[in-house]
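Listed after this line are the structures, all set down as structure tokens.
Look at the two complexes coming up: chain A is in both, with chain B in one and chain C in the other.
Up next, the complex of A and B:
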């Protein structure tokens, strides 16, 4: 293949969304990104794969989201000491950290100058690449920690505040380096990767029909979204159709996950604004919802509810009525609390104008999901390219234009109301019949991509099958990859004490991005 | 303000009584009894996520909701390990968090308890041990008790905490 050639791969890619796959030479790889950008497409995910055992090549793969479909582009490199490919950062700044992660795990470098480790904190030696085929996953090394070179801000009165990886609250690990003058933030640099636990390598030890359990634990607050994305990938590869009732129950679970997380966040945001009443009220509503899961789904958190071919538990007879009554009460409470938040001068003073992410920066950085919608990016896969059963559901994308904490709060309020409406619609039209279909083992070497709009934004699972029902490669992508850099912008010019509030208003996943 | 107060009055007090169940896995009873004498029923907890999926954090956070009302029992989460009597650790310990976890443990004054929360903290869970994961918390720091579950319910976590601090319940 010449550097500027590109051809559409025949077959070889399956997805729950409409998709096309291309194989590109180095120049075409870069040109494709440029064209996609100018056509308004977005970079969804970037990953690498080692095919040296098959054809002696390493591959870099980009997945783009166009208006109504996915485009997957693959660029193959000969295996050598320094495989290189053209960076996508110029067109998609969010690619930077993904490219650094690919370099850490596979030793494939993009042509951009930042070679600091992202996921590798010297927990394994330089020159060792865990996602290479030749690497034995159980090999352990001593951590040989060395300082990370943060970008220094110099000037009169500038000082640094290091925060983390262990934070003051009950949250995930990550490091934030603030450069401040007085209380004002001049620069924030994030360092993540602390929760990297080798999920993608672990997938390669699992059977295709076990992978959904690991997928559900990539980010525990998005268990439904990830396990659905995994199953969508596997089902599209094996051309299995999930029974209508199971598809509706999956959507019901996904909307419950969205409501539960939004309720939790709205409470935490009230608390971070000094309004403990909000935390008490919303954490109560969240707990009520989790408790109703117990008799209906069998657990509070739906870690193993979605399984290949359908769902694990059927809805009990009395469940629809129980849920409909619950929604009615929840809706009244949420509307009452929204009124209280909106009329509370102290809360609004903290919410409005804090952590502004302008539409221009959000578009430039490729903001995903909820954070994007709060800055006027009207994208939601449930509407843009609805997969079954969302093609039967009415939904209007919830957007705001101000891009501040208040906007992200309002998107959550609107989405709770909409999710309740979707749940009602699903329960009213719920089909009878089976809740699971049989899923055969897939033939080796087939790539499937499952994409689901989780509560944070689109999550992606790219699954490649191996022989005898095993997984050859599985890449998981969280929208937090795109959205973490947004916080570095949203915090600029704000004061350090507002950081917890601003950070919480995005509520991004550490585990999901660290992998 | 009237609406806020009205909502508070209508919500009322939701805190539930938690049953304290005896658990059979206590080998360190003697040490625990001594520690209980020292700590009484006021307990400060420091939580560290050593690489979890965030599922356990959600259930630990739930302990502060009005139903479980952890603070009402004299138990609170503190921001610094130097103020803590107990360390709640979640997750398989990622290699990247190993040093931070050890340092947090070392920063706590004696006597101290360590409770590993969730299947991952107890045995490595689905992630196991690998180039990036040390598996169970006990592989990195000494652990006094574990709470199985994925994620464990707030009640299970609360019972494990209470078991550690309540005299005569084992």
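Up next, the complex of A and C:
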């Protein structure tokens, strides 16, 4: 293959969305990104894979999100000794951290100058690459910390505040390096990867039909989105159709997950503004919802409700009425609390104008999901390219234009209302019949991509099948990859004590991005 | 002869009472807050349990901690005990009260503040300095406001000693001056700011970047932390007692106190503390935390209200004289 050739892949690609797959040479790989960018496409995920055992090549794969479809581009590198590929950073700045992660895990470097590690943290030696076929996952390494060079800001009165990875509260680990003058933030640099667990390597030891359980645990707050994305990938590879009732129940669970997380976030945002009343009220609403999950879905946090071919538990007879009653009460409470938030001068003073992410920067950095919608990027996969059963559901994308904390709060309020409407619609039109269909073992070497709009944004699972029902390679992508860098911009010009509130308004996943 | 020692007995008793009751008062505020937010409340004795736990633990000290860092908790605690000794919470016949008037009282609070800020900077963590910096900002804005509040009271009752203020109030109980209302509002605002309460600081937060008081004591542990915590609850207790002495002095036993007067004073104190605690909890539950740069506006407002009180007093006083 010449550097500038590109052709549609023979085996094609399987996905729950409309999609095409290409194989590209180095120049074409870069050109494809440029064209996609100028056509308004977005980079959804970037991952690498080691095929040295099969054809002696390493591959880098990019998945783009166009207006109504996916495009997956694969670039194979000849040598296994010093693989190099053109960086996508000039077109998609969000690619930087993904490229650094690929370099850590597979030893494939992109041609960009930042060679600092992203996920390794000296947890394994330099020159050892966990996602290579030759790597033995049970090897133990001595862990000792190594210095990491943050970009320094110089000037009169500028000093640094290092925060984390261990925090005063019980939250996930992440390091934030602030350069400040007085209380004003001049620059923020994040360092993540402390929660790297080697999930993608673990997938390779699992059977195709048990992978959904691990997928649900990548980021616990998005259990439904991840397990659905996994099942969608597997089902499209095996060409299984999930029964209509199961698809509706999956959508019901996804909307419940969205409502529960939004409720939790709204309470936490009130608390971070020092308004503890909000926390207690929203926590109660969230807890009420989780309690109703137990008898209906068989699990509070909807873990493992979705399984290949369908869902694990059928809806009890009395569930629709129970849920409809619950929605009615929930709607009243949420609208009352929204009124309290909106009329509370102190809370509004904290929310408005804090952590503004302008539409321009959001578009440039490829903001995903909820954070993007709050900055005027009207994209929601449930509307843009609906998969079953979302093609039968009416939904209007909730957007705001101000891009501040208040905008992200309002998007959450609007989405709760809309999710409740979707749930009502699903329950009134619910189909009868089976809740699970049989999924055969897939033939080896097929790539399937499942993309689901979770509460945070689009979640992707790329699944490549191995022989005798095993997984060969599985890549999971969280929208937090794109959205973490947004916070570095949203905080600029704000004051240090507003950071927790701004950070919470994004509420990104550490575990999902660290993998 | 024996009578000579009676005031010392009251003095001693009052200090013990303040030191012993302060954690209970903090617990009461916590309980009220929990009720108002529909949470189930921790027991009233929660603060005592925490202190006992902390006193039992071994101290973990930063390697570069100097003597200043280690002595600061004792200085803090001692200062607050001294403040308790000159605040007439139960009786006005306090021998120690002659040692310091209300202006010296502000000096005592400032001493504690300086020690706490220095100790926070001593070990050189970024949060310690951050907290110390913010604390000094709040402090230098709060002090003029509290001074103005005291001037209001001085003008009304012709004294700068808290005990004589209460005595004089009791001898002219008919004096209800509108300036008192202004002073009281300003006092409550300063009290919230000085005691690390919402809307200036959030004592319950776990977000290290937003902390003021908590950021300064993040590195303390065991008995040091216990003393710091105890001193903060004592500070709050003292502030509320000063407020009571200035604005709600009914029932405090004045000169020549006997046992019955003391018992009445104790009963009055507990009712007033319960009331004040509930009001504080209500204010905290209703408001959100201010952005830190709104704190100067908040305290400037307190200062302005106190000055308004002074003006009202002088203008109305001029009228009655004419």
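Note that in this section the second predicted complex is superposed on the first by the 513 of 515 C-alpha atoms of A that agree within 3 Å, B and C clash if a C-alpha of one lies under 4 Å from a C-alpha of the other, contacts with A are read in each partner's own complex, and residues count from 1 in each chain.
Here, contacts are C-beta pairs under 8 Å (C-beta built on N, C-alpha and C of every residue); 3 or more make two chains touch, one makes a residue touch a chain.
Please read these numbers as outputs of a predicted model, since none were measured by experiment.
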(Q) A:495 in the overlay: touching chain B, chain C, both, or neither? Say first, second, both or neither. (A) second
Q | Partner chain(s) touched by A:473 [first = chain B, second = chain C, both, neither] | A | neither
Q: Determine, under the contact definition given at the top, whether A:177 touches first (chain B), second (chain C), both, or neither.
A: neither
Q.
I'd like to know which partner A:162 touches here: chain B for first, chain C for second, both or neither.
A. second
Q: Please work out whether A:273 is in contact with chain B alone, chain C alone, both, or neither, and reply first, second, both or neither.
A: second
Q: May I ask you to decide whether A:336 touches chain B, chain C, both, or neither, giving the answer as first, second, both or neither?
A: first
Q: Could you figure out whether chain B or chain C reaches more residues of chain A?
A: B
Q: With the two complexes superposed on chain A, say which partner A:143 touches: chain B (first), chain C (second), both, or neither.
A: first
Q: Classify the contacts of A:262 with the two partner chains as first (chain B alone), second (chain C alone), both, or neither.
A: neither
Q: Quick one: classify A:284 as touching chain B (first), chain C (second), both or neither.
A: both
Q) Both chain B and chain C contact which residues of chain A? A) 168-170, 277, 279-281, 284, 344
Q | chain A contact footprint on chain C (complex, rising order) | A | 33, 36-39, 126-127, 130, 198-199, 202, 204-211, 218, 285-294
**Q.** In the complex with chain A, residue positions of chain B that touch it
**A.** 3-4, 7-8, 11, 14, 47-62, 64-67, 77, 79-81, 91-92, 94-100, 104, 125-134, 150-151, 153
Q.
Using the touch definition from the top, list the residues of chain A that touch chain B in their complex.
A. 121, 123-124, 130, 135, 137-141, 143, 145, 165-166, 168-173, 193-199, 201-202, 213-214, 217-221, 223, 264, 277, 279-281, 283-284, 286-287, 290, 300-301, 303, 336-337, 339-340, 343-344, 509-511, 514
Q: Please name which positions on chain A make contact with chain C in the complex.
A: 159-163, 167-170, 183, 270, 272-277, 279-281, 284, 344, 346-347, 349-350, 495-500
